[in-house]
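Next, two complexes with chain A in common: one pairs it with chain B, the other with chain C.
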Partner chain A sequence: MSAHTYKKFENSTSGDLPDKMTIYQDCMNTFNESPVNSKRCRLLISRLLRLLAQGETFPQNEATALFFSISKLFQHQNDSLRQAVYLAIKELSGISEDVLMATSSIMKDVQNGSDLIKPDAIRSLTYVLDESTAFSAERLLKSAVVSRHPSISSAALCTSYHLLPISEVTIRRFTNETQEAVLDLKQFPNQPTNSEYYPNSTYISQYHALGLLYQLKKNDKMALLKLVRHFSENNSLKNQLAKVELVKIVNDLLYRDPQLFNQFRPLLSDWLSNKFESVQLETAKLITSFATRNSRLVAPELYAAAVSALQSLLTVPRVSSRFAALRILNRISMVSPEKIVVCNPELESLINDSNRNISTYAITTLLKTGTSKNISSLISTITNFIHDVSDDFKIIIIDAVRTLSLNFPQEWKSILNFLIDVLKNSEGGFKFKNSIVEALIDIVSFVPQSKELALENLCDFIEDCEFNEILVRILHLLGKEGPSAPNPSLYVRHIYNRVVLENSIIRSAAVVALSKFALTKNDSTLYESIISLLKRIANDKDDEVRDRATIALEFIDSARNKQDVIAQNLIESKYYYDIPSLESKLNSYISSNIDSFATAFDVNQVRKFTEDEMKAINLKRKQEQIFNQKSETTLDTTPEADSIVPEKRADANSFAGPNLDDHQEDLLATKYADELLSIEQIKPFGQLVNSSRAISLTEPEAEFIVRGIKHIFKDNVVLQFNITNTLTDIALDNVSVVCTPEISDEVELEELFTLQVDRLLPSEEAACYVAFKKSDEIVMEGFLNNLTFTTKEINPDTNEPFEGDEGFQDEYEIDSIFLNAGDYVKSSFTGNFSATFDELPCEEIAVFNIQEDLSIQEVVDKIILNSSCLPVESTQFAPSDSNSHTLKLFGKSALTGSKVALQIKMIKSSKGLALKVHGKGEDRLLCSDLVNGLM
Partner chain B sequence: MSSLSLYTVQAFLILDQQGERIYAKYYQPPHRSDDGNQLLFNSVKKQKEFEKQLHRKTHKQDSEILIFEDHLVLYKEYIDVTIYLVSSLEENEIVLQQGFSAIRGALDLILNSGMDKKNIQENYDMVILVIDETIDNGVILETDSNTIASRVSKPPTNEPQMALDLDKGFLGAWGFAKSKFQERLQQGL
Partner chain C sequence: MGNIFSSMFDKLWGSNKELRILILGLDGAGKTTILYRLQIGEVVTTKPTIGFNVETLSYKNLKLNVWDLGGQTSIRPYWRCYYADTAAVIFVVDSTDKDRMSTASKELHLMLQEEELQDAALLVFANKQDQPGALSASEVSKELNLVELKDRSWSIVASSAIKGEGITEGLDWLIDVIKEEQL
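Here is the complex of A and B:
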């Protein structure tokens, strides 16, 4: 090292840092010097700390050497050096050995140090004490806790808090002192300090004391209640952090026992108008999140007060307050958007907030509060605004708008115009344009009325689109939806333009789209033109395009002239395969390779969906996605957050109701079918028609957990019981379920056989099946179920029962399982519910009265679950501010495919909930069974 | 659920314009076994990655508060440094703001020529003392800037031994100068 660089580091004003070894050597030399040069020592310590903060570390022996040479500096009585020494001790204690050796020096400081040093000394105790030595600090900590000096008291309380996990017994001995510290308003001593700043007590030791006290008493509900009562009186807490902590304690108590809410109500409404914003915020958070769990216990006035507190926070100048209030409002908007409509003016003004996170929240929250009344005004607000923001932000807005379009299909016109406007007039990258096109595709498939306008505009858009992927998607959409539109020739012209002007990828997509128009029914003249166009394309210079054109010509020819059904299907597919199931089948086909692929893959094993079913599934998934997004946004998705960990929050879960698990259910259905069809006795039943979701038949904490699944075949019913043995040392032998029909004289179901589980080892799960033969197409029945088994004790060494153990025959009663009309129904989609409803021939009306105290939403969720129909026109969301609701459901028989539609009117009154179910269907029996068996 | 723990702050960072660390401290409750969500910060590599990403998201965007990778982050951008306070999502934003502005205020008081990289590096000992006096293992210790500033000692200036040396030096110099002066006078005369 040259003299020049060495000099540079000597100078404390230099920003550069020498290398690790130099610092180490310097430290070792200087700290061991005598007399101590305090100025230079502090400089070196600060360098050492900088080095550690960079992420550098020392090997343990070097760290230990450093630690000990630093502890030598305790001899020097300079406060400012001592402060630096404590910092170094804290940092090094993690990597050094024998840190305990410094304890006595530190303790001496705790007793005799100046007011400046005492808190630092106390806090460093956290690092040097362990389980075996913590008790020795008891007396020191106790006297420090009661100290009149706020910093000393706080330091002692925090240190106790840190030490709690290793020495709870010791800390508990000064519970009383802690309690006193909560109420003690400590002031700084009025003596001249050597500092130029005048400390001003915020009474923050109240916060630390309260935090510690909670930890000491958290298992004792009564003590906590007393604590809250004690500290909420007479404004005894002056520190705002302490007050927030108190609100949190109330929250914790309410979480344990919601019934306490009434008791706390006056306190909460008082806190809502507290002078501290943080307290208002925490209280509003408490009330609103409590209301999602226990809506009945929260009076609307209190809720409104909470919302208005948040509303006023929206206008404060401090960014973090606005942000915090918006976060909570956004959370509410997912569950009950109607409750925050009052905040709309504030939200609208926040759209132009300089903080982009805030404006994003504002806009997404606003869009969620959208109702059929204010959508168009909302849309026009966003239109003014969307052109000025960045791409990722635009995408969020587009997604929110897409959600709107799914929830308010009747408002498609303004939404569509908005989307088209941004698509055409806004600059943006691929992701952005793609999200718009995706939204448009959704609207086209779920709102049939919008088709013509949307397709027309998409046609315009592809004339000038730079993204291949988007072009291909639009061409596919045109091919799918175009032939059934009123004026198909228009699209043909646009598609053919692409063939002339674009590259081979787009040309081949265009060929496929064109071929679909050949069989269109609306315009028979098209056939000739398509043929001649395709013939021309067959001379294309790209071979993929040529191939596609040729094969399309061939298909069209055989479909039209030979009436070949397969060819027709290839041009216009009438059904879709279940892709995940197809994938898993293909995978197992390839991996098993039984006869080196001599037998062809049997595609009939894969589930097929008709277009309506597919749409129903997609709509469900999309809505699920919205929910998932919602639960993500509960975790606050902003454009800034690019990695999002989906987490299902309790409130989103309960609200999403029946929708949430569908995705896994879909995959499960394939799994069930595979499992069932691999069983010899069940094979003759033929294709599995429908499977219900798994129903829990026992308490989740029972010894044996049983879940039931109903499988419907054409002439048979199979009940599957998944049994989990939660016992640790008992095996169950010959496990079976005895199902007794509830009404034993009507024998519509004939029991064929029971497949038992031979042995169920601890913590294993196995399935037991009971098969029945149906006499009618639709049979409804309830079954009383009994689990029978022989228990045998397990030898832990061999995991086998002891030899000669005869076992003990036992029975275990589990819940009944009901086979209802819903099990024969699959959800299906209709674009125009009222028209479909009117067309259906058979009619059935029933009236129900529910006495139980259920909210409309709970009943809606239950009905959807029972009927397994698809809720349409987003009627699955009951408004929480109204006492009536109409639910519209649409489905198809899983056996015959006959349609069924239900319109359910609900009115909630003081006497209970009245339901009027109006069902219509193609099949009289199904319709009446479904209507009468709904509840 | 809002957590009742006093451990509210997960990290405090000072990064420069390039997103390089000037100061970084990740807090973990002491004497507790590691729980899963803290693991993110366990390796220096992950920490630095987190800092890089965070810096990219916040650089030149004066939004003060944001949600980043499941953390609530308060930050303030100065001329060539940015300071960050990282916390969990459940914390009360305004409480965090209190702690954050306390540090900012105290730093403003201590670094009397303003917040910039050079100043922070030159007064590194005082800067870390400010942070240490405000956040103890993730617990907000104090929210009043003046109190914090009053608890931060200045580097020692007058060193007794040094002063003694200095006296000796002065005398020596005086003696030296005196003899030289006499020499000159004699020569000149």
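Here is the complex of A and C:
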């Protein structure tokens, strides 16, 4: 955490803050005095710094005035005052832009100052130098880097590190000096050499030097390899942070080239027993997170050694080590909980740890390692524990329990009982109660068996609930799930109680919930009761409640007596609109306002989902959240925070992994769809049925980056190619993509037209489209793609191509794009897979053998992406300790809505991976296409 | 009684009191060289001053606080931040730089209009006399329009910071004027 972030959250509890203006005035007066009173000035600066540290700021003109008056203190030679001045300059450099005026004075101190102020002077150079002045400090910095004094050397290394992005050329000249500084064990001068209590040096400059060296060499893999080899020998690194940094560098190398792992294996197992706990931790973190990405390369013994290192760290006295070890274990538990089951005894004893962070983490980890056997005993442990912790921890625990319920749907009973117990019996604020209710809603929607019990208890809960928002959510849930429950009249009574007793917000929510019971099939007598209840409510004193009751009556009447389908859909809300696309459509409708809203908003343009599809989307999102937390592990262990994650290239017919976050992805999809549908030639194609995610068709560092998206219409297919021109001086004219079917003799798609991009200027992105006509059925096809264009050189003055430049024709080959059965499928949810599977009429079985050396998890991921189906019963996580796995997938045809279910058994043997795909569906063709085209 | 004595003593010798003196001028005129010539009596190698150098030196029982401000165009606007309580300004001119005489003149007159410098004495060094083609002190004086200055003690001295010529003469004059007018 950087200094800037923690400042804002720190409480100013220690005494009252001095008045800002008083300090300002005092500073201005005292600093401008002649002669300078150093003691008084120092005191004032420390007060000023305290103000700034508490998050106070000065307007720019005052900060500038302060800076200039502080700069006048350079006339006084007192070292302590000078140190204070440097601190003040550092703090003011953020607000005042004139700090460069201190440059000469600082450099003089770097050159001639005492050892006491030299490090401070050097560090403050970071704030005053810019690209144009950095070179003037080159000689000074270079000699400071090689200084025998550890503080001076460290300061110079840190400053160089920070100046690197500002003036790379200058700092690059220090490479040799930095390399020397890593190995140079610097000690403080003038100290007794054999002092027992105060070690002569922490050798921290090794860490700083290594950090800078990494930055200087990070693009050169061979140099980094050499560096690791060089510094891991002979115990040459004494500083513990430097060692940790070395582990991180290894991690970075492995991230770029996993094959190096074998080479580092002895080193890593050596580090696991290092005397520093932090080195052990970092190494264990490296091994375990590397294993989630490349499980084949990590020997089980090494993994076990890492886990046992973590296990022994769970019992060390140092709290931070315990916490860090626990944190890593917790991350492993999200991916492969079975691997850390050995730690369970330690984890269980940590539940009673005096540090609440640790005990909470221990519980959530245990919940994840929980198997169906010990869940109920775990739940009872938490029940005793949860009442003693603060709300924040309670929420974390509830979230963990919620994840548990998604992963172990069969354990719903004990989980549900636990949630209901805490909901009713424990104290807590809105957030806490809300998270419980959210967990309950999840269970109700994804575990249908639990519905009755959960709804009944929620009904009890709303009899005495103080939070409007939660009440409204529960009423909504009752309205949604209640009508299809075995005994709907029970809920009606509870809902009507709310109408009698509560405020208008809740009354209006209750009215909507009530109206949904009118068409219930289980109990036709309810209709009369609902009508009479609603009629009574129609006299309510609140406008909103009355309106809702009246409109509900109207809907019910027309749905029941006139068989109006629209009204029926409205009451039962069978469809859900795609919220991001609805929002953007409404926004553009309001902002365009061509004919003062004479034309009504056309809601048919917005994508609609059925309830099962919506559930599938939500479940996917929730599971991806868990998954994303997991992939964080791999990201933040790379030494460099801003490293770009290499985009997965689309090879064969796999999809690009999700790089953007979900919401952005949704918005992008909506945007693409909007752009597509606004094109004249494409309008006749009708409703867009399905769109794939964007697939990279080039290397991310290529001159032209192309991403392909497949759009399916009822009788057409449109391939969209988004092209980005990364060249700085070339414009592309008449850009189009030529798609050639892979198997040219049996073409099932008839090309209609190509829409080209007229001109693509540097660093612009544009889309060109290729449209095809297809038959009603599912058509699968692969295309070889070629980008064709005319390059023209750019005139830098006008940013347009030179006039009269004819340019020259060029072609650029990009990866193939495949249209497969998965593109016609949308994922969908089913609460009871095996029942649904048995019911489906058509059947198809196929067997595949995969020779490539892939892990089961890799194959699972690929199948899920290829089929676009929803993995159910959390079968998307293959156990890493077993050689077999069964994946269950469920989806619906995007064209007709016919269901399709797949059950895929996988067995891994020495010869490769055997797959048996058992597909069942309503549509024979879709089923067989999906099954046969899976790999 | 002691108070009276010490204040009389101060009046006579000007001890305790520190005098603020600014050295200004265009870039490359020799300001930093003059400052260190005064302080350590030697010629030091200098780099363009980004910001300022400040040194305290004793001269004839007086404590001088000498500020040498950078002369680059980007730094000139900041001069004004250091005008307060200034006893004297030493303006250094590169006598060989005929092209920029008018710029120097403009900067000088602009500076002298400042309220905070109304009481400050002005000493101009026509520096770099060791170089061939250097204008004489009177020529520089004409270029700078020094005669136009009213209500101000000023003097111009031909100097060479490298050889150490003219520096002490100029400073002697300045100290005398300050003692007379301000102490």
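In this section, the second predicted complex is superposed on the first by the 609 of 935 C-alpha atoms of A that agree within 3 Å, B and C clash if a C-alpha of one lies under 4 Å from a C-alpha of the other, contacts with A are read in each partner's own complex, and residues count from 1 in each chain.
Just so we're on the same page, contacts are C-beta pairs under 8 Å (C-beta built on N, C-alpha and C of every residue); 3 or more make two chains touch, one makes a residue touch a chain.
Note that the structure is a prediction, hence the values are computed from the model and not measured.
A.B. asks: Who does A:K20 touch here: chain B (first), chain C (second), both, or neither?
C.D. replies: After superposition on chain A, A:K20 lies in contact with neither partner.
A.B. asks: Thinking of the overlay built on chain A, is A:K608 touched by chain B (first), by chain C (second), by both, or by neither?
C.D. replies: neither
A.B. asks: Can A:N251 be said to touch chain B (first), chain C (second), both, or neither?
C.D. replies: It touches chain B, and chain C stays clear.
A.B. asks: Thinking of the overlay built on chain A, is A:F74 touched by chain B (first), by chain C (second), by both, or by neither?
C.D. replies: second
A.B. asks: Using the touch criterion from the header, give the chain among chain B and chain C with more contacted residues in chain A.
C.D. replies: When the residues of chain A touched by each partner are counted, B comes out ahead.
A.B. asks: For A:L49 in the superposed arrangement: first (chain B), second (chain C), both or neither?
C.D. replies: first
A.B. asks: For A:P35 in the superposed arrangement: first (chain B), second (chain C), both or neither?
C.D. replies: Both partners, chain B and chain C.
A.B. asks: Touching A:K905, do we find chain B (first), chain C (second), both, or neither?
C.D. replies: Neither partner.
A.B. asks: Which chain A residues are contacted by chain C in one complex and by chain B in the other?
C.D. replies: After superposing on chain A, chain A residues 35 contact both chain B and chain C.
A.B. asks: Which bits of chain A are touching chain B when the two form their complex?
C.D. replies: Residues 12-15, 35, 37-39, 42-43, 45-47, 49-50, 53-55, 78-81, 83-84, 87, 90, 116, 119, 123, 126-127, 150-151, 154-155, 158, 161-166, 188, 193, 195, 197-202, 204, 207-208, 211-212, 214, 218, 240-241, 244-245, 248-249, 251-252, 255, 276-278, 281-282, 285-286, 318-321, 323-324, 327, 354-358, 635-638, 640-641, 643, 645 of chain A touch chain B in their complex.
A.B. asks: Can you name the residues of chain A that touch chain C in the complex?
C.D. replies: Its residues touching chain C are 32, 34-35, 68, 71-72, 74-75, 77, 98, 100-105, 108, 133, 136.
A.B. asks: Across the complex, what residues on chain C touch chain A?
C.D. replies: Its residues touching chain A are 16, 18, 20, 47-54, 56, 63, 65, 67, 70, 75, 78, 81-82, 84-85.
A.B. asks: Please output the residues of chain B touching chain A within their complex, sorted ascending.
C.D. replies: 1-6, 21-25, 29-32, 44, 47-48, 57, 61-70, 74, 89, 92-98, 109, 117-118, 121-122, 124-125, 128-129, 132, 136-137, 139-144, 146-147, 149-157, 159, 161-162
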